[in-house]
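Shared between the two complexes below is chain A, which pairs with chain B and chain C, respectively.
Now for the complex of A and B:
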């Protein structure tokens, strides 16, 4: 399981994952279409801002914000918790353990392989967003653009690792889908996915800054639409990657302990 | 008449068997209840935030919008407890090819699959819905109008019929797409829009949510009825609409069944 052989396997794994996505493209499209939440929230918040802007948000700001939300959600999605829960229950995880490759690497590549197809959907939405709201909200500072790209990677990593941590708990409980539901509910509310973080009461905003959820989706979206300046962007990026590191350590610890309990029933 | 009697007996048998099945998984009941309560409460956060910032949105005050959310929560409970379990089972049947056994039985297949499984213990949200309504009316300092409440009960029936018809239409798609767990997801995520009064949506979206996917008829209209401001014509149209959707779902179901070519054999 040397690093070199892992790296050599990556392109092939990615190709296999991508081919799988193309094979199930109809299913994939349904998943994308099911991302209606940003559009519902877009309609709601536009109605709220109909007569007067809310904070700094007028109707066009909400359009930009929630279309960006849709795009970022497409690019940072992961579904490992359900997959792990399923593979533990059916015992198919055993097959992955036999390969000379860490299962987390193969999961990560499979999840990443969905991104090219998701981009195909995200791109037209980006064009529509630009046509509707103009380019004036986009960051002017190239450093912020770099921070944005890194923050997308960070957002995906937090989503993936949180999925991995909760999914691995299935090794103890048999199924961790319910726990994932709780996580998802918190994520929806506190990530900026339903409500832009700025519109929360100040007391709550402090808590949101500390919690990981905002760094999954709200942070990249804000970089894209709010004109965050360089210093603040870098500070938030640091916080995001601190969470990435924390989750990485947690997944390592849980995975190692959990595998000792793995019985591969049914496999 | 004997036909109806026979189906009533079948219905009772089906309910009894699903209750017995459910009693085996008692621990799930508590966990499901807690998780769904948690979801409902977090789903209220946007409502609170919006009305914290504004007195009224699209002509709805906080209390009135709370009624809509109550109706949404009630229908969600019906969906979770009575509709989803059965129809998830159909999809399993289609995928595995075991639908053949259902089709061979000497009773209507749509009836059999629709009553195959009830999970009333998933319906803890019925209580949440009642609490939301009570809170809304107490805050308004009034009672629901008598005529309106009667209309609301009628609308509960039409809304359930609509929900069921939409579900049958979605499931009919499973005959073509097979992998349904994401179709369920698609249905739920569209149904999520019913959480808000339909006036929130503009233009095409409002039109779609009234006529194509009649979410307005399911949550906005009943809430308006409770407030005593639903026009009689809207009530009449809801009944007609539910009838039309029921008929359409039946036609689509029959033609999907005709297309079914058993997966395994």
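Now for the complex of A and C:
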């Protein structure tokens, strides 16, 4: 399907995708509740910072950081690896391959269609964060705000494309869910989801800056809560989108080779 | 000569699968040494199908019918051979190709499970770029032909199997495909629903001139829909031609199906033909094709006949015989019976 035709189809795809998400609202709520790890980390780190700050973080900083973390997680989540692995194993991917729309586009729309519902949860949390910690930590530079919005898109794309790459590997391995679990474990540690990247030892921090995980969640959160300057924000944004480009090329290559192995099981 | 819609030349699809016997020792052993086995799902078949033709793929389970259908629909990449559908190479999955075809699988569905079928129709309209007026016309037509009524507005999960299959067919035809690949479209349906689906498919072919390729284990589907059959067994083509000719060639004998007013004795029946079955409801006799007239005259003269019909052998028997013959020709042990 040409880009123009795809764009023309998008409103209907999103409308139907959203209708599906509404049908799965209870499941979605459970999923959202399962991503409350930042709130647990908030309680934990706040207790640690009770007597003295940890690095630059006092209690209010931790509250701001982990509430922002919770919000960014809601807006950048994707579950394609599990979905793709299941569809490869059961052969249901066949139904997508029969349509003149790239399956990755339909997966992307389905994953993105969940965001409005997640915003229903994220918005009150944002209000609570503002009431608790004030607006002083938020960026004052409009360019940084723009970088933040673009970084949300970049964070979602890295998450989605990493899921796509790992999910597609199921065409070789039969199932790639365990591999995704490994990715998730690394993500938890190195993305800033459980521990702000700033709190890692300097040597490790250098490595984290090169890895993709921080750009999934830590980077947008830092833009909101750390007072990142324009220059640094743009430098990190460039690094984030370099990862987007790399993942895009990787998914393209793996997908093309993998489809030759598709067995369309069942039926 | 009619224009060729589907062309298959020396198609092969081989898989490598890893096998192991049951048990813990074998499971542990497979961790270190896996035994690869090449499965020849399709092993060098060739045929052409003309535009508008209705062709049935027949064969036992695992014969290679569905694999062939999936290669034709572009889902599987052939191991070797050449396949063209209306000039397209299916595995390239070009948009122009995908807009011309549809594949309906009786055991898989494209309908969105928790939404009404009308949402899947709308989704397909957008994906296949069907203009709104044409979409409305097509939906109205399909709703009438398939008697969908209010079904399209109920969540798919609440529909019965037959209702779902009707909606599945409608969703597959929103873009008015020129080639229909139907893989067991009536599987699990009751007899009356099978007839509805069958009649609809035939009407669609006659109205639109679409080419139709069907696999089904229900011989009635094939007999009602497909003047031509392609028989595949163990990945090899064992017959390609008219269904009637297949029956004549494999089982040239005819069947006299008799309903009698009073039971007849066995000796009288044996004098007319070979007794295939006999119960309170009637008798079925097998007679040579050129002896039908004589057998009918004799039956009418010697038996208390209430009703008499002359039939071909059931298609199931014909197929079973054909598979047995082709396996014997390949030197395999007869195991079909």
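Please note the rule applied: the second predicted complex is superposed on the first by the 266 of 267 C-alpha atoms of A that agree within 3 Å, B and C clash if a C-alpha of one lies under 4 Å from a C-alpha of the other, contacts with A are read in each partner's own complex, and residues count from 1 in each chain.
Going forward, a residue touches a chain if its C-beta (ideal position, glycine included) is under 8 Å from a C-beta of that chain, and two chains touch if they have at least 3 such contacts.
For clarity, every value in this text was computed on a predicted model and none was experimentally measured.
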Chain B versus chain C as contact partner of A:201, first or second or both or neither: first
Partner chain in contact with A:86 - chain B first, chain C second, else both or neither: neither
First, second, both or neither for A:20, with chain B first and chain C second: second
Chain B versus chain C as contact partner of A:145, first or second or both or neither: neither
First (chain B), second (chain C), both or neither touched by A:183: neither
Partner chain in contact with A:241 - chain B first, chain C second, else both or neither: neither
Touched partner set for A:99, first chain B, second chain C, both or neither: second
Which superposed partner A:255 touches (first chain B, second chain C, both, neither): neither
Residues of chain A at both interfaces, chain B in one complex, chain C in the other: 24
Residue numbers on chain B that touch chain A, as the complex places them: 31-32, 35, 38-39, 42-43, 45-46, 49-50, 52-54, 57-58, 177, 179, 182-183, 185-186, 188-190, 192-193, 196, 199-202, 205
Footprint of chain A on chain C - complex, ascending: 15, 66, 70, 73-77, 93, 95, 98-99, 101-103, 105-110, 112, 114-115, 119, 122-129, 155, 183-184
Of all residues in chain A, those that touch chain B in their complex: 24, 26-27, 30-31, 33-37, 40-41, 43-48, 50, 54, 178, 181-182, 185-186, 188-189, 194-195, 199-201
Chain C-facing residues of chain A, complex: 1-2, 5, 8-9, 11-13, 15-16, 19-20, 23-24, 91-92, 94-95, 97-101, 259-260, 262-264, 266-267
